[in-house]
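Below is the structure I would like to discuss, written out as structure tokens.
So that you can tell them apart, the chains are marked A, B, C, D, E, F, G and H in the order they are listed, and the count of residues begins at 1 in each.
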Amino acid sequence: MVDELTDVLISKHHPMDKLLRQDRLPHIWCSGCGLGTVLTCFVSALEKLDLDMDQVVVVSGIGCTGRAAGYLNLDGFHTTHGRAIPFATGLKLGNPELKVVVISGDGDLMAIGGNHFIHAARRNMDLTVICVNNFNYGMTSGQLAPTTPTNARTSTSPYGNAEHPFNVPYLAAATGATYVARWTVLHVRRLERSIIEAMNKRGFSVVEVISPCPTYYGRWNKMGSALEQMKYYHDKSTIRHWSDPAQADIGLEGQIIVGRFVDIDKPTFCDLLQGADQ
Amino acid sequence: MVDELTDVLISKHHPMDKLLRQDRLPHIWCSGCGLGTVLTCFVSALEKLDLDMDQVVVVSGIGCTGRAAGYLNLDGFHTTHGRAIPFATGLKLGNPELKVVVISGDGDLMAIGGNHFIHAARRNMDLTVICVNNFNYGMTSGQLAPTTPTNARTSTSPYGNAEHPFNVPYLAAATGATYVARWTVLHVRRLERSIIEAMNKRGFSVVEVISPCPTYYGRWNKMGSALEQMKYYHDKSTIRHWSDPAQADIGLEGQIIVGRFVDIDKPTFCDLLQGADQ
Amino acid sequence: MKLWRKPLDQDRVVVPRGEIHLIVERCKGCQLCATYCPRDVLEMSSLFNTRGYHPPQVRNARRCLVCGLCTMLCPEFAIYVEEVGHDQ
Amino acid sequence: MKLWRKPLDQDRVVVPRGEIHLIVERCKGCQLCATYCPRDVLEMSSLFNTRGYHPPQVRNARRCLVCGLCTMLCPEFAIYVEEVGHDQ
Amino acid sequence: MSRHEIRFSGFGGQGIITAGYILGKAASLFDQRHVTLIKSYGPESRGGASSAQVIISDEEIDYPRLTQPKLLVAMSQEAYAKYIGELASGGLLLIDEDLVEPCHPRDDIQVRAVPATRIAESELGRKIVANIVMLGFVAANADVASVEGIREAALSSIPKGTEELNSQALAKGYEYGNQLQSTMHKV
Amino acid sequence: MSRHEIRFSGFGGQGIITAGYILGKAASLFDQRHVTLIKSYGPESRGGASSAQVIISDEEIDYPRLTQPKLLVAMSQEAYAKYIGELASGGLLLIDEDLVEPCHPRDDIQVRAVPATRIAESELGRKIVANIVMLGFVAANADVASVEGIREAALSSIPKGTEELNSQALAKGYEYGNQLQSTMHKV
Amino acid sequence: MGRRRVSNNGILQGSFFMDGDTACAEGAICAGCRFFGGYPITPATEIAERMARRLPQVGGTYIQMEDEIASISAVLGASWAGTRAMTATSGPGFSLMMENLGLGIITETPCVLVNVQRGGPSTGMPTLVGQGDMMQARWGSHGPYETIALSPGSPQELFDLTIRAFNLAEKYRTPVLVMTDEAVGHMTERVVIPPLEEIEYYARRKPQVPPNGYLPYRPDPDGVPPMACAGEGYRIHVTGLTHNEKGYPDTVSVETQQKLVERLIRKIRANQDDIIELREDQVEEADVVVVAYGISARTAARPVRMAREMGLKVGLLKLVTVWPFAEERIRELAPKVEGFVVPEINMGQIAQEVERCAGGQAQTILVPHAGGGLHHPNDVLEAIKRVTSPQSTSAETSP
Amino acid sequence: MGRRRVSNNGILQGSFFMDGDTACAEGAICAGCRFFGGYPITPATEIAERMARRLPQVGGTYIQMEDEIASISAVLGASWAGTRAMTATSGPGFSLMMENLGLGIITETPCVLVNVQRGGPSTGMPTLVGQGDMMQARWGSHGPYETIALSPGSPQELFDLTIRAFNLAEKYRTPVLVMTDEAVGHMTERVVIPPLEEIEYYARRKPQVPPNGYLPYRPDPDGVPPMACAGEGYRIHVTGLTHNEKGYPDTVSVETQQKLVERLIRKIRANQDDIIELREDQVEEADVVVVAYGISARTAARPVRMAREMGLKVGLLKLVTVWPFAEERIRELAPKVEGFVVPEINMGQIAQEVERCAGGQAQTILVPHAGGGLHHPNDVLEAIKRVTSPQSTSAETSP
């Protein structure tokens, strides 16, 4: 054994560090969790966006994903469980010049926060929502989420889930989102591109990212190593741009349809408000 | 002027009284409000259903519509604003032999209660929901609801509504309801039939009833007399059974698509639970 | 002001196919029954009930087909029709 | 136990088209970089960092095309590649 | 006593609270007196009981509810029945004569009647201004606020475009009240 | 003293809490002593610091936290560094020799090392049972619970199908501990 | 999933080494709980997880609702369906339940809410102990009401008190709060589960009259009305509005309100001798009484012992029932002692009640702790010594 | 809707005959409030309705959220965007806000919450008065914290105190509660709106250092940290978890928790002289002091006058600020008076605080009212007489 890493240059800083809170790294996420990669893609997207980073705000709820706001060197708000979207709504309306991005988990956004999600979509509130779907509540150690596939096991569905899961893109589209995409965490380039598109969109834009939670969901469902899980989701996905999001259900097995599903133009809440006030 | 009503037989009781709490009539609803007629249709449907009335339970939230539970001579629960559906869920799971019907308003079910609605639909919880949509919050005197058409005026959208409204049938269908219908309050026979169908359905069934609130919504939007409003909605409606509920948006003007939109079979929460437990 | 006073209970004037019954104090004078009766059987009276509403009355009892629409439409459970035989 | 000890900072061994940089203490040994590098440039080492994880190392630096995939995939902002010139 | 306590009552939709509001506004902003107006709501939006309590005083108003009203305005039978008991001895009852039939005879009060709804409906063509007719009648009968104040308060509180109608309604009620008074004086 | 205080420590994923649980269960249910087990969690699900406090006593346990632990089991360098200070004078430190390098020399304690992870990985083929190997080592070194109790507790607490593996792990750790002891005695 | 599939098979019996959360779930099951509607939250999640696994084994139903509001609503619904029901949460979820706790109180719905307290406010310290929700348990919902709250100090007590909570809930027709905390919930100890027949079971009080003679809110002499449930033919109406004995809303009568609210309060206060459970240790002869509850009562045992070893006369009064507050007992003790010492893992909550009831006759010393850990024995010992030392002055409930 | 379209045009000035709710909205607008996120509820709806009409006229934004949880969340967000923001609700909605009130407190977010109290518990009496949420205002959210709550007794005072609430919120970086009630909210009286330049305006305290030297939770000497908002280049991190001065979560350190929680509490308690506003009328010479707040302080004026006419020496102490509680003043008065009389439209809330602080040196008599109406002057008068009559005994805060 050697004491050295072959051919590697040892660094202290990463090129993306200026957008990161280095003093908080490494983050709390498990080895093999998809969340770090989502963050990498987000930062990479930020670097490509023509925005004043002082005007970009990230709002998270509570959950493993919800920690995202805490690692970004942007104005960041780690709110309460489920309330990222209404908090973000207040931020946006309080200062419409801000670019407000919500990054949170499937439980946070779809379970306790579901109502805010559909109402913000309905209003076409000018926000970007990145929903990391790991099919369970990671932070509280792997319980049932409203995205957990039927029959999947979790710590609170030990005999198999008796519920039908939400199809996030369909829910977003059906309630009014103007941009909707889904990728798995291994689709790094496409994911980055969708984040850029979503943030450039005026209106309620939603990017769902399918991401493994090897520590809980993967273990409960005997999905092998973290790496295997990531690969599994990637391999199961079929890119079908502009396909009907109603068809994009995710089961315990079977394919995962990914792609850009919706990209339409519609007046935002602020647009209509301005019209009404005059 | 005479002191008598020509050719009318004066009664003290109504044939439907056995299903009503006579000691609470007349109800609090305004003259010309559609809610009374919804109740009449519901009672009439009950009479035609082959059910043990001791096992039929009505749960309401808070609102003018929410008072419905209080006029029916059934086990009735007038809960808190927005919580009729989760309360009903507990009732149903606590005693699966009960037939549980939720009757509540658009604000109650779609605003504060929206999350419960979509989650119960997702779970295909075996409940019937009658959502009376009067495009505003009647009880609190006519504020904006999530069903208020864009540009419509209410006491909290005095310059015109800057929001896009929910399309209730579409939201129900997109989140998993197995029976979805919409009628206006003047479609008494069809409404009665849909209520019967919904209550006979195993699963989450939703009947939306478009009903005037002459006292507030009608007045704010200069829709004329109560009678005119009822007629207006009826005249604007086009029956289109099994049409795509996504097309059933309601604007400030324009047609209202009514009919039965969804009638599918899918295992309920209880069905799946039973499977999982075994 | 005219309050409705004298109950006409069972005080049959003609022999109709349907008898129109009214629980006067429940009526809120919304006119739905009179407006939508397909046979123009009903009309609004000018009497007041004690809550200040005008209840309907019968204009032409013989025309009633006992279709039940007035009963279904009435928001107040105030009106109903009983079939009492056929007009021969 | 082998902890990684001696920093190799700027200690260039070959003249690659891309230089692979690593912030050792951030790495959680998830293997994503090594697994998905399209050019098989990386492999996992058997060293431990102080938090008990095995960081990757370079197996074949010359093959690196500076595609950036390792950087994008790394959940820890632990690895990145800098283009330093062309391999002629 | 510098404290006047007045109750307006009727059913929802008659503009009872508006009448109380206009009176109160007149006394408060135009006559510069201390005024407290309390609206009472039932669960109904329409058709239920409606009432407004107005207290007009030269001193600061501590207790903001009626204790011994000297003036009761009743525009429905139900309201009359509900509130007649609280009217102080020596008090004045004003009623819409088509809507209220006094049936709890009291010797210790005065009663004056006006066909406010009828005047509004038949003379002005808008039943909805019965409350304003009644207000004019109040102004004529009780010295709680100046007529000018009431007119100004009314005109600044009603929807634009209805000024003429409301002025007339007020005038009709006021005249009716004055005539009645002179008639009574004559008798 | 009838009160034994023990800390198991390491990082998340090593089964630290399971080790504490098994020891506690053995003492509680098999040896019928009073036992309190406290698990400490950090915000991380994996990789963060993990620790279990076990108190075993012949009397009821009032204060349920460690005050002066006499036994520290450290399975990571970080945990060692964090907890070595609290170990009571005369206490015993047990470490995984491949994961912990004692660097805060203390004269007043004893240190014993076992390559638990290595034994688990190379001799048993499952790194995951390092905690059970360590538990065997604990049983050999400290008189806090009976070996039989620990074995029974372990077998009733692990996933079905892993009984053999865990028995072996426990035995390996126990043997290693005994050999070490006898070696030490010989010296 | 038929209703009567409520079975007693699968109920545990014997000695177990289990954590408080698990003991709570097992206690509920022994108490007859057959419905759990919940939402995960640290450090209460293990209760939900245990219930998810265990309820199907005893014919009950577990459902994970979309949030805590839905959870408590479902629990109320299930109770009205005739099922013993509970939920478990921690601070943030407890706060969300406050509105519907009020519904449970005004509709007199028996059910059990467990709050495994953690460090607050807000998201605070999710994995560490706190006792900061004690006043919230009393006052957290709007409007006037009374409440019952129990506070266990060990897994065994959490087991026992969960059972007691169900029985009190039925007896007094009210939601009962089990105010435990992370230290107890995550502490593992021996828990002895007795045979089912030895476990007290207070059956729901049912109407003794036929439906047409039944007034759902006409109380028995103890202030508690018998309860007909949905599907039993009584055609009840239940509302969160102010209501009369028939259960009908009457929102404009001050008398109806007064009668209802006074009874809701009286049924608890008048029965407080039955509800209040205290555990006293050498309180009668004491100069100083340490008043504590839950885990803090347990940690106080050590400094109390230390003080006694120093020759001080110190008693320990453990509030097993925290609400209704042991007002009478404190008033009784106040003239006899020099002071009360109140350690709690908050900045002064129950200490204020003690101070109020002490009425200036004995000083009250709060030993606060902001949360995240237990009191060090010395902190409490110091406070005890402060009472007995001559230079100490009046009340100090502020930190 | 550009950010800087915040205009002062359209601000009212002069005398108006308006109800309390409207006055509240106008007060907010005068105080610089330019964001309202709300949800209708009787009897607070008129505030929302007024704001919906008025905010667009002054360059502000009204949004009706999907519920009260969303409302308070949006208000917090708007405040962090640099806008003065408020919401208004009543009991049920207030209960729903409890979780995120805690977020506002721990993140130190200036904003104003108005609670127009109605009869409770639960849905209760929506159209009638109550004061049953006073303890909830102090204790309704989980975990340890302190709060500021003001209580107006007339539309004019509601106007004035809404302005004061905004200023206190900014000064102490905390949500401030305006605890009014239906009687005041629905009462119409003359309200005088002074010229804008005469209205106090406490501007948000901004950091005086560049972003890299800024610690978002490093307090000034008064315990309050200057506040950088989103979009100002400070790259702040704000969390509801226990956090250090940098704003970073630290959920395992008891020290961090203690430092944070103690400061949150201290910044209110240490500044209570500035925060607490009392109005006293003949308190100094009194034998009996009526302690009251809001509408009950107003209705108490009559019986106080009646008692004085009977020759009794009665003072009236009006708690304009209810929280933090006027502890010192009560402690000061207790030895000088015979008793305190506390009328409140609940079954005993602030009376308990008075009793606690009276420390047995004066009796405390609660005059309870279950809700739905005001105290009759005689009820309070009787209580006053009871204090002064010889046979009266100690504390009676229970109904």
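Simple rule for what comes next: a residue touches a chain if its C-beta (ideal position, glycine included) is under 8 Å from a C-beta of that chain, and two chains touch if they have at least 3 such contacts.
Computed from a predicted model, the values in this text were never measured in an experiment.
Minimum number of contact steps separating chain B from chain G: 1. Set side by side, the interfaces F-H and A-D show unequal numbers of C-beta pairs in contact, with more at A-D.
Chain F has its Cα centroid 87 Å from the Cα centroid of chain E.
If you average the Cα atoms of chain D and of chain H, the two centres end up 58 Å apart.
Chain geometry summary: the mean Cα position of chain D and that of chain G are 56 Å apart. Counting partner chains per residue, chain F shows two or more touched chains at residues 42-43, 47.
Across the assembly, chain B contributes residues 29-31, 62, 78, 80, 111-112, 114-115, 119, 139, 141, 146, 157, 159, 269, 273, 276-277 that each touch 2 or more other chains.
Among all residues of chain D, those that touch two or more other chains are 28, 51. Here, these are the chain pairs in contact: A-B, A-D, A-F, A-G, A-H, B-C, B-E, B-G, B-H, C-E, D-F, E-G, E-H, F-G, F-H, G-H. Put simply, chain F touches chain D in their complex at residues 11, 47, 76-78, 98-99, 101.
By the touch criterion given at the top, residues 42-48 of chain E touch chain B in their complex.
For chain A in complex with chain B, the touching residues are 111-112, 114-115, 118-119, 122-124, 146, 150-151, 157, 159-166, 170-171, 174-176, 246, 266, 269, 272-273, 275-277. The part of chain A that touches chain D in the complex is made up of residues 1-17, 20, 25-27, 29-37, 39-41, 43-44, 186, 188-189, 192, 226-227, 230. Considering their complex, residues 2, 4-14, 19-26, 28-32, 35-36, 45-47, 51, 53, 55-59, 61, 69, 71-78, 80 of chain D touch chain A.
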